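Here the structure is laid out as structure tokens; the discussion comes afterwards.
Naming follows writing order (A, B, C, D, E and F), and every chain is counted from residue 1.
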């Protein structure tokens, strides 16, 4: 019934390949089916002005899509002269979600910037970015711990994200692009490995939904997050 | 226990004054406690290119804050040369939420733009903007119906929004600014008058939450929306 | 003969309501007929680089129009990505005019920013902004004097502004929008309460005028300023 | 008593050299003392959208300063990414002033763009730009008349501009930079050859002035305009 | 003697992997040592206005670097609000170089956009982009020919690029980043497979060079281009 | 055979007039036929951050065209809100070329900014800008040496530039606009007075060229540079 032939509660194939670029303090290519996102982590000693001297760390994120990551070519944002509303919204979400899983005291007064660049898009890019973003954040932190610059692990519980939606009247896990463009209701669910919620964004375009439906999607999301966290732990050796 | 002395499930005073500017097709000043937002509706015959010729209507929104609507002066966005990320995120939410409650076939091929400008801010400006935005949308539609340009009411169920959060460990309704700046978890809940969900955005900054806590906030939100819808109906004579 | 039925030398009704927002150090809504401008004053300890260390104070202004303050909706300048030429011209005029009436030594090394936002426009917004701007400047200074931070009053003579023009061949006081859009010659006259001139801007679009006509408009302007100053003094208790 | 040793009512030397660039439909270098402005006129068949089909012509102007036209180097506006407030204000003034002296019916539905670029600045650049701008406008119109595209002269009365101010307590004609930077009151006076007024902009920075002083400056300005118009007529053979 | 231990006339390892993204009409990852550039081709039916109706085709290019493709993180250009001077210069060069090798009549009135995004940088990114850009251009054209939309091959001679420079006093082929940052003279040589020149850009930073040295670098470049063209032909099966 | 009737190896008339503006530390108007560029040099004590404290000097350049320097009016870049790709490319070339001829140790830790503004364009503006740029750089340095601020001449060998191309199948020296717009191959050759090369940029638009042709153009360029250097030495009394 789903265009891909998947079961309602079936994720796409997940793979996370680390060490894909040599300069970054952490890097991976995360592939959720045909959605491919390159994530890198950069460690810097400076922090934003509003926490200078606080001893707390900061994690921030930026997001972009290569112009031809999509079916038809998108205008390059650097050319357009600004990041679009969707881009800004997504990168704020990535940063906020990852920060929720960080012990900023343990991280110490430094900033880690997570760059998420979509190489190929097929739905769910922001969820893939968060999931892959946590992996490269972890890799960067492991480097800091190995060097003795951080002594207590600030990342004890993974952060992962998955989208679910109501497609053709049925709750489905991990929407791909053909489903996403048809679904009247879809949500992004960001959770920790222990299934604590970090962010729920569930919206209807031109329709509405009930609390029951919301709970069905949350059940599916928990299942998806289990699979994603397993891949994260495998990739980081954690 | 709340800074304002309110009960955990107590809304601030709600008032909606209509007809506050003479040029707009609909206007109101919505006041939720000390949060004051001026909303106007503008009807135009043109629609965005992607629905031209479809017969469907469109509702869009823009949001702004006057520089001194806040405790300390904010930089004017027109001066800065662009709308910030938070502004873009909010105005997309307002437009999406209001569209979910509109029968776009009944509206017919025209666009209604909702402008929401914060005159004074004390927490919950986006929720006030959605709630007031629906009022001026309704007023504009009433004008179209009186003129016979629209014959079947495209707005049968009001759309309202309220924020709830976990403050000092307790679930509270309708966060004001002192609460909002301290709450580790807060959510915006957009619903129809019949309590169907349109959008849930619930996020944690530097912490996490459980599904139980989420359900407690949803219960509070339903209570708040009842009060807001009553004020909307009174203001529009609907 | 005037569209509004007013006498040639008759002002519209003037009202100034103070204390309209709780955060600003001074605030008012000035209404000149159907032109309504919200003015706020913000006191800051920093001054622009070019007077740092001089002991002198600074007054600056910004101006904006809400998108639907006008008959048809204007594009939001924050959206357009810059302030238009007219906006820039007006806010420079407001700042310059108010500074002319300030004893900058008495003010001391601090900056007061006057924000003037047009809620509803019906001609003469820049004059209303200057007149209301002086009121909130005065309120802010009164707060500084009460707190003992300023000891000698830097604002001894009010600053007010009115527009006059040649409409249908006749000199008229206080142009409203229907007159303004027809007048071949119009001027903005900024004066002190003692009728000293601060700025005269009198221009013809597609025509010219004589020195006699200029003097007739100046006579009318003096009459208008008397009424405005009375309202300013009443509003500030000065 | 004046830094330059000039009499109170003495203009600087005025020269207008035409035909200084080969591409423009009209060009001149106007020199008012050490202030040198290159003016060009460009004729185009298109007009702005708001007068399309009206049969009326349009005149518009742009203004710029070369980075090292001033004592210390100014930042290039193309580099800064926008025209500053002062630039915008000046080019709007030039366009408005020149249009006041044009019979737009006689000009016919075409646009003439006047570019005024300051090569060397020593005070009074906007007045030089208006005065030189009229010269190149006239040259362009003469070309149109010679070609038979315009049959009735739309420019019957020259437009010229001069600044006057109160320097060291005395009314002086044609302020140069050392005077301009010290003058508490200065004005720009734009008139026709027959001494009809087009625009008066007289402002005080940090002081005020009386109507008597205003009239003294107007008297001086009339004298200056006589000299400028003589130079304009000589340059255009009119 | 070279940091990498290569011979003076030794290229880095070249590999070109095609079909790396599913949406583009042509795609490849070109790797020249540690320099990795993702190239995609997009076919569109529209052409730029200046050749509309001419029957001629157009090829254009855009270039970008992922923020962490470099040793230390670069600011994202979409964030900065514009493409930097270096980016603009490079993408103009890529487009110009590829167009030189295209029979634009044979291509027909369509546009092919080549996007070159640097995934990892280690010197020579613009040359890799041109070399990989020709590969994806060829793949897109092969698709058009297979579909019968283009009948005569517009790409008969490959276009490839290599950098050479004078490093430690010696002419060397294919500079990597450590060499590039030290070389006083370096050049980019763009040629066809038959060794016709398309563009030579050879510049000295803080020094000069002789015609003899220029000829030595050209000799090296011809050798490098031979290797690159072999890889291009293998990748495209041409 | 050339549109201008010149011999294949004949330069246009070259003239360099110095001292054309009074504020700059060096200024000239360079005229290469109908191409006229105004060059100024500005000395500043500050240097870019990346060489602060190094004791080295810096030379940088900016380039602009007056809107009506060209046959049809170009849009003013300050109005467009950014410098176009061509402008950026040219000003980077000018700066790089001039720096190659400067002993930055002898110059000492100061910056000289060369502004090149095209007053009238007829092909070869970038070459004229470099040639005139060296003249004003020399004039500024002479002023520093006269004042004893620089003791050893940092400019011992002039830098000049000329364009050559293949026009109607023949190699020609110093392309004017009619030739430039037709030439399939053209190059810019920047050299010192002793004929050492600084930069060669030779590109084909829609065609290719051989090494022989390249050498023919280099021969012509050497001849042209001899004439330009003679004019530079005459203008600077060097």
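Keep this in mind: a residue touches a chain if its C-beta (ideal position, glycine included) is under 8 Å from a C-beta of that chain, and two chains touch if they have at least 3 such contacts.
Keep in mind that what you see is a predicted model, and the values were worked out from it rather than measured.
Asks: Hop across touching chains from chain A and tell me the fewest hops that reach chain D.
Replies: The fewest touching-chain steps linking chain A to chain D number 3.
Asks: Would you pick out the chains that touch chain C and also touch chain D?
Replies: none
Asks: Which of these, A-E, B-C or E-F, makes the same contacts as C-D in over half of the contact pairs?
Replies: E-F
Asks: State, to the nearest whole Å, the distance from the C-alpha centre of chain B to the C-alpha centre of chain F.
Replies: Going by mean C-alpha positions, chain B sits 59 Å from chain F.
Asks: Roughly how far is chain D from chain E, going centre to centre by Cα mean, in whole Å?
Replies: 51
Asks: Round to the nearest whole Å and give the separation of the Cα centres of chain A and chain B.
Replies: Centre-to-centre distance between chain A and chain B: 28 Å.
Asks: Which positions in chain B are in touch with at least two other chains?
Replies: 81-82
Asks: What sequence of chains forms the ring when you start at chain A and head for chain E?
Replies: Following the ring from chain A in the direction of chain E gives A, E, F, D, C, B.
Asks: Using the touch definition from the top, list the residues of chain E that touch chain F in their complex.
Replies: 82, 85, 88-89, 92, 96, 99-101, 104, 187, 192, 196-211, 214, 218
Asks: Going by the contact rule set out above, which residues of chain E touch chain A in the complex?
Replies: 21-24, 27, 34, 36, 38, 40, 42, 44, 62, 64, 66-73, 76-83, 87, 113, 115, 117, 119-121
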